[in-house]
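Note that the chains take the letters A, B and C in the order they are written out, and that residue 1 is the start of every chain.
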Amino acid sequence: MMSVSLKELASLVGGQVCGDGELQLSGAATIRDAKAGEITLADSPQLAKQLAGCAASAVVVPGGFQPQGIDCLVVDHVHGAFARIVAHFRPPRPARRVGISPGAHISSSARLGSGVDIHAAATIGDDVEIGDGAVVHAGVRIMAGCRIGKQVVLFPNVVLYENTVIGDQSIVHAGAVIGAYGFGYEPIAGRHQLSSQLGWVEIGAQVEIGAGSTIDRGTYGPTIVGEGTKVDNQVQIGHNCRIGRHNILCSQVGIAGSCTTGDYVMMAGQVGLADHLTIGDRAQLGAQAGVMRNIPSDAVHTGSPSFPMRDYMMQIAALARLPEMRKQVRNLQRAVAQIVGEVRPRDEQEAA
Amino acid sequence: MMSVSLKELASLVGGQVCGDGELQLSGAATIRDAKAGEITLADSPQLAKQLAGCAASAVVVPGGFQPQGIDCLVVDHVHGAFARIVAHFRPPRPARRVGISPGAHISSSARLGSGVDIHAAATIGDDVEIGDGAVVHAGVRIMAGCRIGKQVVLFPNVVLYENTVIGDQSIVHAGAVIGAYGFGYEPIAGRHQLSSQLGWVEIGAQVEIGAGSTIDRGTYGPTIVGEGTKVDNQVQIGHNCRIGRHNILCSQVGIAGSCTTGDYVMMAGQVGLADHLTIGDRAQLGAQAGVMRNIPSDAVHTGSPSFPMRDYMMQIAALARLPEMRKQVRNLQRAVAQIVGEVRPRDEQEAA
Amino acid sequence: MMSVSLKELASLVGGQVCGDGELQLSGAATIRDAKAGEITLADSPQLAKQLAGCAASAVVVPGGFQPQGIDCLVVDHVHGAFARIVAHFRPPRPARRVGISPGAHISSSARLGSGVDIHAAATIGDDVEIGDGAVVHAGVRIMAGCRIGKQVVLFPNVVLYENTVIGDQSIVHAGAVIGAYGFGYEPIAGRHQLSSQLGWVEIGAQVEIGAGSTIDRGTYGPTIVGEGTKVDNQVQIGHNCRIGRHNILCSQVGIAGSCTTGDYVMMAGQVGLADHLTIGDRAQLGAQAGVMRNIPSDAVHTGSPSFPMRDYMMQIAALARLPEMRKQVRNLQRAVAQIVGEVRPRDEQEAA
């Protein structure tokens, strides 16, 4: 493997050497993995102890954190600089332009922008529009009437049902399914009758949707995910939902039908929402929260059923002491019974 | 966009105008979205307030609900009528018959019924049978020996492992996987040894299975999903399960191996069942319930671990008051200590 | 259907007949399903009652369990023997060797070992290496730079992003996605900026990964799943995780980024882990546990938030009695108030 001096790396990322600029480095890795001869990163003084136990020969640090006994590269943005260094040692494979693969199946009525890549085994339905510079990976299924924005990336085996709209520069990861039927049924004569499925899904610009996530179409109109919202893997968004802008929805979150969220809402992993709820701007929901009520803006809730974080913490603390409290209550009962026996005649006690 | 009179819509859906039949309408949308010039729906008087804040020019309502200040179209079935109106303004794309696509990969031993559609990039294995009028979308994988009923719809990228049986008129949404190996292991010499995988999956008629759901094959025989049962997205059904008829399993439900459910069971989102449980007819399980025991017929359980709904509600109420109760107990301890100090000599107290 | 004598089955599996060796059997099924004329299995005396209610004509049992009123086949390993009997009556379809399907899309720079099967509609990217005897089913997407070990099986529609490494004899089930982007964002000017995605995923040997599971790539280096670990359906493993060897991760488990687990860790269904946690060797986490802290080796935790099993059980017992305890506290308050009224003058009480 090639070797690079610390000075050269400093020049690459616009940082300053603090130590031996001639030090030769052969790779870059995180603290957990870095070996002698490699450079690592430490974005906070809290990592000083872990860093001391790491074999790395140099470290990228922010200004103001100068760990002892190791040559440093001081930069403004630790992660940005380290990413460039990693990419220098292990250059990412350039995305190969494939153009329109002859192995793709494309309707003659589809309209493709310029600079579009359609990989082999993808299928593109009737009247689909695909924006300039979009990439459609292998095995993607775009059903009739979808509109895909510019520079969108659809990773392998993504499925878009009819009339799905994807905003510019959005990314959909492998296996995600957008636009399947909403889960609404009416009981008729002992059978579950599926509701209307006349709606569709609209994804805003710069949205990212994780692998295996599912977003159902609306009943009569759109299910919406707002601009800039990031959705992790295996998230479920039910029919008719309106997810706001710049939300963060972590893995395995489940949002039932017809919910509305504001902007900058955050949901940790495995959160569940009942249907028809409204979640205010910047609200935060803790992991595994089970939300049954509307949540106001800026609130932080958690628990199942969910409570404001402060109440929840007190409940959990109290819950942890419940067994002890049961003992205390029993002791009190005994003490009171004894007192009653001492201060009152027996017949009065029995009446109580 | 074309415009239609309220009177014409009434005639389309067999309803009665209450107001101006000549009113011209240009579209249909739900209360949240409807603009001036459009018609909306309100299926219950509880929506009167929301309706009053909506810009819609007309509304579809059931008999007996006559909102003020808006022209009405009174019908027997609000949702059925509104669906027809929506479809009138925005006709759904007719499913295009594709027949047997030359881009599909079909074993010569497969037997296809009449009127079958097999889209491009689908693969059909040896000895597969597909019933009349079934639709196999792009990228569906049907492995050897499967039997697919009449008018079944398999959406894109569905995977059916060997010998899966799908009943008539069932629908499987994109990315669902039916018949993968059951998750059973025996520890042998420090390694996990996979159990036998000699079984298969049998799906009844008129079943619907959501996007990304997974149903594992049985160990020696079938895993079964009964007729008319509806399964939402991202549901997991373990090996050897017997799901009854007309169940409703909401999104992200997880059912461990060898469970049995009766008919008309309902499970809300993210419910989890331990293995080998029996759930009685018409039982209902609340969202995020963690079920560790058998549930009798008609019972309503929730919580993790789950309890009968009534007990759970009392627990939750008590839990919310736990911090307060801790204070009460501390106050009682103090009061009792004081009383004891007053009524007993000091040495007796210490003995207690 | 062919018929076989109990004696012949005994000879097939190396067991001993206890009863009528000439008994003719026409099939094999589990206790729940077995009909007259069929053989079933009972691996423990605890099944004696269920067996008594089963119509089966014979049963495979372990030594030391001799049920009454039914002919027995006594063997050392009940499940192994029964599997052979089931396979005798219903021989599993032999995996058909397909070689390199002309319907697959394979980069000219890919290197395929000997005896490899690549099914139709699979796509294999640049510089991919596939080991001897591996099977790549239909619709699998292997992106550039992946390395697939010997005798690996990739079921239909699996997606491997760039540079994924899969160890020998591992199995990945349908629809699983390995190597998608990690879910890490930095807030910049009101937008969420995606972290670096320079890492990859490394799966050890003899790992099994369930249908629809997702494992994200590391930020700068690998996400790792250790040798022999078994991952059920719809499990999520976040970026930078290090899953140890021989773990058992049940369905719908969610592990946030940068977690580390030891060897032989077990997680039941729907467990969730917060990020950056360390779980010790042989730790066990109960179903739906919500883990927020590191867990030491050999510990058994459950609950959300999780507690040691013993503490959790006491909490749940106490929780179930909370409503009753609330009454006890109210009664105590009343009793103490009455005592205070009796032993103290009124003005003292009010001061208290």
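Keep this in mind: contacts are C-beta pairs under 8 Å (C-beta built on N, C-alpha and C of every residue); 3 or more make two chains touch, one makes a residue touch a chain.
Note that the structure is predicted; figures quoted are calculated from it, not measured.
The two copies, chain A and chain C, are related by a rotation of 120°, based on C-alpha atoms and rounded to the nearest 5.
Shared numbers divided by all numbers used gives the overlap of an interface; between chain A and chain B this overlap falls below half, so the copies present different residues.
Computed centre separation for the pair chain A/chain B is 23 angstrom, with centres defined by C-alpha atoms.
Shared contact sites, meaning residues of chain A that touch two or more other chains, fall at 121, 139, 157, 175, 212, 234, 252, 270, 288, 304, 319, 322, 325, 329, 332, 336, 339, 343. Listing the residues of chain C that touch chain B in their complex gives 28-30, 32-33, 79, 82-83, 86-87, 90, 92-93, 96, 101, 103, 119-121, 137-139, 155-157, 171, 173-175, 206, 208, 210-212, 228, 230, 232-234, 246, 248, 250-252, 269-270, 287-288, 304, 316, 319-320, 322-323, 325-326, 329, 332-333, 336, 339-340, 343-344, 352. Listed in rising order, the residues of chain A touching chain B in the complex are 105, 121, 123, 126, 139, 141, 143-145, 157, 159, 161-163, 175, 177, 180-181, 183, 185-186, 190-192, 194-196, 198, 212, 214, 216, 219-221, 234, 236, 238, 240, 242, 252, 254, 256, 270, 272, 274, 288, 290, 292, 304-305, 307, 311, 314-315, 317-319, 321-322, 325, 328-329, 332, 335-336, 338-339, 342-343.
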